[in-house]
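There are structures below to look over.
Both complexes below contain chain A, partnered by chain B and then by chain C.
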Partner chain A sequence: MIRAMAFRNLQEVARFVITLGVALILGAIIIQLSGREASAAYRALFESALGSRLALADSLAVSTPLILTGLATAVAFRTGVFNVGVEGSLYMGAFAAAWVGFTWPNTPSGLLIPAAILAGGLAGSLWGLIPGTLKAWLDVDEIVTTIMMNYIAVSFTSYLVNYPFAVPGLANAMSPMVPSSIHLPRLLPPSQLHAGFILALLCALGVGVLFSRTTWGFEFNLQGSNPIFARWAGVRSPRVILTAMGLSGFLGGLAGAFQILGVHYRFIANFSPGYGYDGIAIALLGRTTAFGTLVGALLFGALRNGASGLELFAGIPLELVRILEAVIILMVTAEATIRLKGKKIPISVEREG
Partner chain B sequence: MAYLEMRGITKRFPGVIANDHVDFSVEEGEIHALVGENGAGKTTLMRILYGLESPDEGIIRLGGRAVRIPNPQAAIRLGIGMVHQHFQLVPSFTALENIVLNREPRRGPLLDRQHARCALETLIERLGLEVDLGARISELSVGERQRVEILKLLYRNARLIILDEPTTVLTPQETHALFAMLRRLKEEGRTIIFISHRLSEVMEIADRVTVLRRGRVVGVRSVASTDERELARMMVGEVAAIARQACRSLENAPPALIVRDVTLAEIPGRLSLKGLSFEVRRGEILGVAGVEGNGQQELVELLAGLRFPQKGQILLDGKDITFMDVRGRRRHGLAVIPPDRLQEGLSLPAPVWANLIATRYHLPPFSHLGLLNRALIRSYAAQLIQKFEVMVPSIDAPALALSGGNLQRLIIAREVSTPPRVLIAAHPTRGLDMRATQAIRKLLLELAGQGTAVLLISTDIDELLALSDRLLVLHRGEIVGFLPISQADPESLGLLMAGRRLERRG
Partner chain C sequence: MSAILFAMLRMTAPLILAATGGIISQQAGMINVALEGLMLIGAFAGVLIAYYAQSAWVGALAAVATGALFAGLLALAVLGLRANLIVAGLALNLLVLGLTRYLLQILFATRGAFAPERLPGLGTLEIPALQGFPILGDIILGHSPLVYFSWILALLSAFFLNHTPEGLRLRAVGENEEAARSLGVPVNRVRALALVASGCLAGLAGVQLSLGNLQLFFENMTNGRGFIALAAIYFGQARPALTLLACLLFGLFEAIQIRLQTRVGIPPQWPQMLPFILVILVLAGVSMHRRARRMFF
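Moving on, here comes the complex of A and B:
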């Protein structure tokens, strides 16, 4: 039995490596076609992603929000809720954390930091609960609502820093700075790696435990793998969907809060390059497991960070790394499709009449 | 020489033989009825003929030539058409567009509506049909949609038309119109295979009848030389007299489940239930007979707590559970073997252990303060699969890896691991082989022996007669009769199921 499980894990690893390998090969072809040396490009990529302590630290810093948005997405997908609204939760969480910071600047940091983080999480959570409620009680399609909620969150936070919380004399749409007492400590200066990374790792651990050892996780799995059976078994589906959406939003909110408290120190309109959407690809790459999502986020972080070096040293535009990412995403979805086709479920047997 | 000849057709599914060396032949220009209970193999046989399934053994001859039908396109080329129980029309297209779909007369890249309309109108006129060609499918009634389906076949020039239970969805008036059309098609020399289990309709429309039971042909009759009683007996079979436990005295046993005048409104895709009243005593097996789709699904959903009645009351051991949810009912000792094993009874991607505790993971000792006790759950799961002889590769394997019989054992193991007060068993042996069937039946009898009240819902009359103490018959959401087992025989039961009220015998 243990051997069977080890074999399955081995398969998962093999799948991951093959996906990455094929993406790298396709990427190499594209780089060669664009008239550059693929091997040199990859060397530059590797160097600037993992080549030194500083490079590594920067990669981890880039990974930090991705770990959290990946986990947020994984929690929802597990439950069969296609929450693509993590981006919106991230914006709401980011603003809430900044707001706590610049509103009570003189509170002792021992109180202020937890308060700001919690505010970020809760804001994200509430944002997720709106489409969650619509889905749970009225069966409104969550993909549509969560996408719309993203637009609302981005525009609403932008409005907030442009009008009610506008800083006089500042051209850009930004909130006031948060006090330095609330900054998350940097782990390896001058790298941007901050304590939020450790907290993100703890979240991954927590989600892992949640999935495998709690009744909540059990309900997520049951609801996600067969919602009809879940109802027959007595699972209170609306409540489970709400829990998942609330938790998903919470993690998304944390991602936003950490970016503010660890990197930007103020809320900036449109600050996210799409961390919430990256979380979707990462969660899928990680098969919606906590560990897989963590690995996927670290990989994406390294790629992103390496991309800057690629441009600097190999003269390869950033867009090529984006293409590499896109190829990975393509591989993940293609592989998922192949798996679904291979798994034929013998339903016809039952439906004789 | 018969027009269509299917010889020695055998089709096996995992754990089930759907067709067991079936010989089936149809003469040109006749209306041939194919009858049998649910699961008798009618649909499988016709799916083979239409190229949707490939037979494991057997040959098909059409017009004297051996043919191979690997897919529906091939069937259509041979002039075979099929109207499925679930219509295959594009709701947003008009009737005309659906009919010519894939065979469009074209003018350049565009659909030549004029030409299509012309061709169809002559067809419609000849058959005396009423079809609004310009209406969208979504605007049409079920009867009209069926006519569109048939027109689709005629437009493709089908000579042999298969109708899979065409009347189940129709009102009596629509059925009448359908039959009139079938007669005209017959006059044109077309051949029709009519799948049904409504014997009165078979007697009315068919020339000959082939009866299937448990995947085998029981006999072929010409309608002129048979009657409903004989057909019912053939369909249902002589009952193997498996002696129940010597007539247990249930007269004094208290009722465990009481259903009082319960009414459930119709929702899309579901029947309504009208004024159901019955009770099941402790230790009693009450059989619910009826042709599938006459309210069984709704009844199970109602009792399981998935839907709530508009009127009436449900009592479990004296406690009113009418508006209690699934979890509450289960806590009060209700267990359910759902009708659709793969959808309602299990999560196929989930591991075996999770399926085994899916109804009680939230209770001690399986979890405490939201944390699962994994070690205990694993040993509990291992115990259950051993006790109920479920063959699994490992308790971590997904349920997907199990065969049909083992999936059902898994469900039953979960539901009866602690003997319930009331067990709702819907189609507990459907599609299972003999060995698994016998084991499950034995288990149900044992449970009743221990005092569980069992409501056994089945379309298998053998099963109902072998296990039940009493029978009730459902027809279109109503109870049309109660029978003590001593007075139940396949013949009268078959007639009741077909909607005939029992005439009182002297």
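Moving on, here comes the complex of A and C:
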């Protein structure tokens, strides 16, 4: 039993390393084709991702929203709900947190910080519950609705900061600043690493416990792996779907709230470079486990942060990292299949064997 | 007013082209969430090749071929390596976004936009028979050839899906995979071809953006239009006529957004959101209708 588990873990590690390796080799080919030196480029990438304490701290800072969007996606995928809408929850959560901040600037920070974080989570949660309700009660395909909800959230928040909450005299679409009392403390200045990272780690721990030790987690798994059996076993699938979507949206909202309270200090229209979509890749890379997702997010964070060095020191456009990420996603999803919704849709969510 | 309708036809063309491609793959049972990326790579390849070959039409052909190539990659990942369709599709969007930005910098050392002086455009198609009609002429004349082509193509695809044996086979694959297989339809090959066809059309849609409506490429220039096309498909429940109507409606929103924003002061975000809100309402309505019917019959 223990040996079997050890073997599986070894397999997981091997899978992870191979995926990363192939992506890096492909990246090296692209770099060489572009007439640059691949070894120098990767050295620059590594140096600026992990080369110093500051670089490492910045990598952790970049991975903070990714941990949360990865967990958000993992919670939904576990339950067999294909929530592609974490990006939307992130935007709504980010705006809600900023709104609490700039609306009540004079509230003591002991009250304001929890209120802003909670508002972010709840806004994301409500946003996730809209497609969640449509799926749970009306069986409306969540893939399409969540994609659409993302675009609505981006436009809607952009509207909010361009019209009702526009700051006179600012050319760019941003909300007013939140008061400094609400800023999440920086852990290792001058790096951007902030206390949100610790909270994200706690969320990963919480989701891990939820998956493996609680009735909710058990119901998520049951619903995700076999909805018909789940119903016969007395799991009420609408309730489970709503719980999962609510929680998924909450985590997505937190990701947005932490970006505002820890990095930007105001809501900026279109601020996310696709954290929510990255979460899909990360959750799949981590096989929808909490620990795997955490590792995936740290890897993506390091890659992202290293990308700036790639551009600065090796003259390689940092978009190379985007290409590598896409390759990683394609490789991860090309591995395994499960049955989703009774239809044979391949989705690499469950461990095989 | 006629200026808005003129703009509507212009903005509708890429939507129709992409949505027609999307319908073909959707009817074969493959949701194509990569329309966005396929359009973008088409727009890029079109500009790139048109610039080097000094011919917009060679560029358009290259865009079609590039769209087919990338859709072929998607088909390989999904059908050959059993990747998840949605995840692989979204990954393709990400790949194209990164790749086009990367190539812009490597090839032309620019960020953002590539608008060389000597970039041939698709130009406009003259229709002498229609010249002289007062209002209709103002709306219908003076578009790029792809605008007219998009309508012809939409009609052709409707005919193909509903009135040809190949179209029937394609729909059978989407409707009931097992049944189609038992009748000897090569399911995977049909699906792969459907995806490649949607890639061709999405590539063409991209060219209409970069060489028809404008004559330049800028990063992320599709700006969600692939997903608007997807919304139109769901709005029209993958049926060509209804989808065409949805494209017109969404094209009108875009025309309004461009034309009226400054004059009437409608926040541009509202017409941007509207297609997506509408399609969610439609999906909910269709589902409620289906439920009610099941309850009574």
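In the analysis below, the second predicted complex is superposed on the first by the 336 of 353 C-alpha atoms of A that agree within 3 Å, B and C clash if a C-alpha of one lies under 4 Å from a C-alpha of the other, contacts with A are read in each partner's own complex, and residues count from 1 in each chain.
Quick note on the criterion: a residue touches a chain if its C-beta (ideal position, glycine included) is under 8 Å from a C-beta of that chain, and two chains touch if they have at least 3 such contacts.
Just so you know, these numbers come straight off a predicted model, no measurement behind them.
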Chain B versus chain C as contact partner of A:M148, first or second or both or neither: second
Chain B versus chain C as contact partner of A:G274, first or second or both or neither: second
Of chain B and chain C, the chain that contacts the larger number of chain A residues: C
Contacts of A:I323 with chain B and chain C, given as first, second, both or neither: second
Partner chain in contact with A:F156 - chain B first, chain C second, else both or neither: second
Chain B versus chain C as contact partner of A:L50, first or second or both or neither: neither
Partner chain(s) touched by A:T215 [first = chain B, second = chain C, both, neither]: first
Common interface positions of chain A, toward chain B and toward chain C: 345-348
Footprint of chain C on chain A - complex, ascending: 30, 34, 82, 84, 131, 134, 138-141, 143-145, 147-149, 151-152, 155-156, 158-159, 162-163, 274, 277, 280-281, 284, 317, 319-323, 325-327, 329-330, 333-334, 336-337, 344-348
Chain A-touching residues of chain C, taken from the complex the two chains share: 31, 33, 77-78, 81-88, 90-92, 94-95, 97-99, 101-102, 105-106, 177, 224, 227, 230-231, 234, 267, 269-270, 272-273, 276-277, 279-280, 283-284, 287-288, 291
Contact set on chain A toward chain B in their complex: 1, 4-5, 212-216, 218-219, 221-222, 225-226, 228-236, 343, 345-350, 352-353
Complex contacts: residues of chain B adjacent to chain A: 13-16, 18, 38-39, 41-44, 53, 85, 165, 292, 304-306, 325-327, 330, 336, 338, 340-350, 354, 358-359, 361-362, 367, 370-372, 374, 393-397, 400, 404, 430-431
